[in-house]
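In this document, chain identifiers A, B, C and D correspond to the written order of the chains, with residue numbering beginning at 1 in each.
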């Protein structure tokens, strides 16, 4: 194709997006669109898969059968999200093995919040309430993103995430209305997860790359700082309901701007974790890589078996 | 009706599902594929669901005001009556599927009989569970076939797992005193009725999976009398941790 | 050497033993003497090493710091016993690696009692009291056995074993004077360990091989059944002190013979366990073989390092 | 004298020894040679001995009638103040020796300072412990050298362990509030005094062992403020099992 032709196609493409039409895998798309989507969707998929680990850590120790079942179901949902997000990526011509390889080699990122350890049961509440809460704020706008498979995956994901968020809040609520030890546990979890949750919404706009292009493609509809403000404004009243204190002495309602002012985020910590040096990065990667490597013989066997069955079918057909 | 025996009988069924679910729960996020993680979690969820029904009923029979969680989390190791098979560790995926398969074949035969129990609650639990357990059995059986009839390595690993786990199959059919009384009452399942079928079904699938049917006549037992393997203590120290550390609280 | 000469040497050798002289590694000895000693001493060494496992299983869960320390010390003593018994074997011209190889391949046996699981804390008491008690009965006569290194090792082993036995009894005593739950735990442990302890003294005389020759060499001074009777007669009054019931309905003092009559031992169980099909045989062997295989790179490194150091010394000396 | 701070300070020292001993105890019977099993047990025994002295003293300072075992076994995870380094798992023997070495170098420097504490009990515990800790350091240092300067494989494994464990060294020198107050009182050790010496000593031995001194400036902390790694919960669920399951009994 000539440059001219490509330019035409690009214009048509951008116009379609501007008209809110969905782009489907078989449609023509600019290479950068394809790559950006693979990057963002796979990062999202990886986050789901790595995100199974901190919560998986409490399955064996959940304090009641009801909670154990709910936690299992939640982690299962995350696996499910991972699965359709990987599938959505695959529609763009990359294999799941390649995606895993990117995760395992450290080339692909995942949400850095999953590099914090889950140290008490209340963390199951805090993760649902705060982490899933922040995730929803990130993801709801994506239900209208331009790439069809991603938008459709997001609709389903958001529905489940919002169930998880309510479930997390309910865990916190139970703790906050329990014994003083339980309430302490809840407050402690909030203290530990609050700042990482704010960081989860990404670096400040000043430091953020990819934003402009992503806005155009509806891969991003609000800036990180706007999303963060929305998260804070939504969450502070929920903490009040729980009777918990947000661990930020600078947090204050700003009547004028109609939202909360808040303290400074420790971006050094954020970058340390993003670069692979957070409290649990090594543990998470060992778990994922370990599962993959130890499972190799199983996947090989499944493949070999399927081939044998196929061959047998052929033999019988002849 | 001997209440104590009925209680003991229900507990022994419930414990099997609980401990197997606990083992499956450990694996979540660590399996060979996402699809197996999802399926494993599904099976664990089904088992916990069944377990809750059993414990709720047992607590009611007992009539001491205990909850399902008291029964699940606050007994001593010697009071758990699950078979040794279900507490065996997740050594590798072949063990996990082997353990599951050897249990599932039993479990489905068991449920099909429990359906006929004179105890309506037990029959109802069985009715609800049969579909779930059929699915478990299909899933684990398919994997035993894939691994048995996959690569040379997977065949070896699967065979090794079956050879080791085989020693725990005979216990499935043991009938402690509570079982015998309840069988006589028409409440419990007479496991001996389908023992032969069990070994036939298992053997047929193993052969189909290109695996040897173990010939060992030595079996290991103990779980049904509460004498567990050394693995059990560690399962319980994790499982009971919260309830032991924070007694008398609601979650 | 002619057959005549050998016969002479053998006569001299047997005469020395009869005079209670010690045979030392460099002395001439019949091949069968050497082999029998390697077999028995290594079996004893293996028992110490495998015997670390059932007790090691409770180190992380010992109920008090004092008990944790005592248990660690006990398991350490067992490693020490293993060490001098292996060394005594090595004086007969077999390497430790060969001995391990025999253990790992199943060619060499170890005391079958260690194939039972330790399921409660009380098992730490029962093992000390009963298993070490039975071991002492087996071993005290060996302090005067004919082979010097074995006899000397046994002197030290017996001293420590008898400390362990008292310690085990003390654990039981504490439990029996504790809460009803603790007493139940003690009774339950006795119920489970009693019969295996009786079996530990070996098959009935009728089934026992090697006995006659071993008697001559002072590798055995009493028959299995005599040792078993001695163990029972010694242990029953101790159970009375503890207020525990021996799980044998046929146990009864026999005034006439001045010892206890007791019930029938389930020899099928004994042989099942000896043949490798006891409740924990697989687990024990996996632990030992696993430790050995996973430690290979460490032993290789130590060897390589020692060689480098040696080479450096040489280089400097030249 | 602020009793609460003194108590907190002692507990934080004791917890290091307890948790490290717990990790070593797991290994017993599973090491690469009998000799290393014996030495590892020895170190664990020394550490438990020290731990008991610390807890006994802490219980006395606290004055609430608690015992060493109450303090060792009956706190919540967030109340344990050991550094993250000591709770890291026994991944392989190189990790075990690396962890030990990185702790021992610190521990000996620490003990040498604690010797000068104005608190006579602490000084006495240090005096008793110094010989033990010197031995630990020699043992672990020798193994780091053997493995670093052994085979190619052992060098790689040892390097890997050091690279990972390095991230936990900086926390050794953190001084929470209790430490600061106690340093001002002349009771606690001012760890910053020997931080440089620590890294010099460690680096010297690593170089001698043919290993690279890690250059990462990213460190992980948390243990001293009671925020532990995910490994800690499992350590405690085993360690506390008996005391939690059978409360208020003597053993």
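Quick note on the criterion: a residue touches a chain if its C-beta (ideal position, glycine included) is under 8 Å from a C-beta of that chain, and two chains touch if they have at least 3 such contacts.
These figures come from a predicted structure and were not determined experimentally.
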| item | value |
| --- | --- |
| Chain pair showing more contacts of the two, B-C and A-B | A-B |
| Whole-Å gap separating chain B and chain D, where each centre is the average of the chain's CA atoms | 41 |
| Averaged-CA centre spacing for the pair chain D and chain A, given as whole angstrom | 37 |
| Overlap residues in chain A, where contacts from two or more other chains coincide | 61, 181 |
| For chain D, residues contacting two or more additional chains | 76, 233, 237-238, 241 |
| Interchain contacts, given as pairs of chains that touch | A-B, A-D, B-C, B-D, C-D |
| In the complex, chain A residues that touch chain B | 49, 52-53, 56, 59-69, 72-73, 75-76, 79-80, 82-83, 86, 121, 171, 174-175, 178-179, 181-182, 287, 290-292, 294-306, 308 |
| Touch list for chain D against partner chain A, complex | 76-78, 164, 167, 216, 218, 220, 222, 227-230, 232-233, 237 |
| Complex contacts: residues of chain D adjacent to chain B | 76, 233-234, 236-238, 240-241, 244-245 |
| Contact set on chain D toward chain C in their complex | 22, 25-26, 28-38, 41-42, 44-45, 48-49, 51-52, 55, 68-69, 72-73, 92-94, 145-147, 149-151, 153-154, 157, 235, 238-239, 241-243, 246, 249-251 |
| Chain C - residues contacting chain B, complex | 54, 57, 61, 117-120, 181, 188, 192, 272, 275, 277-280, 282-283 |
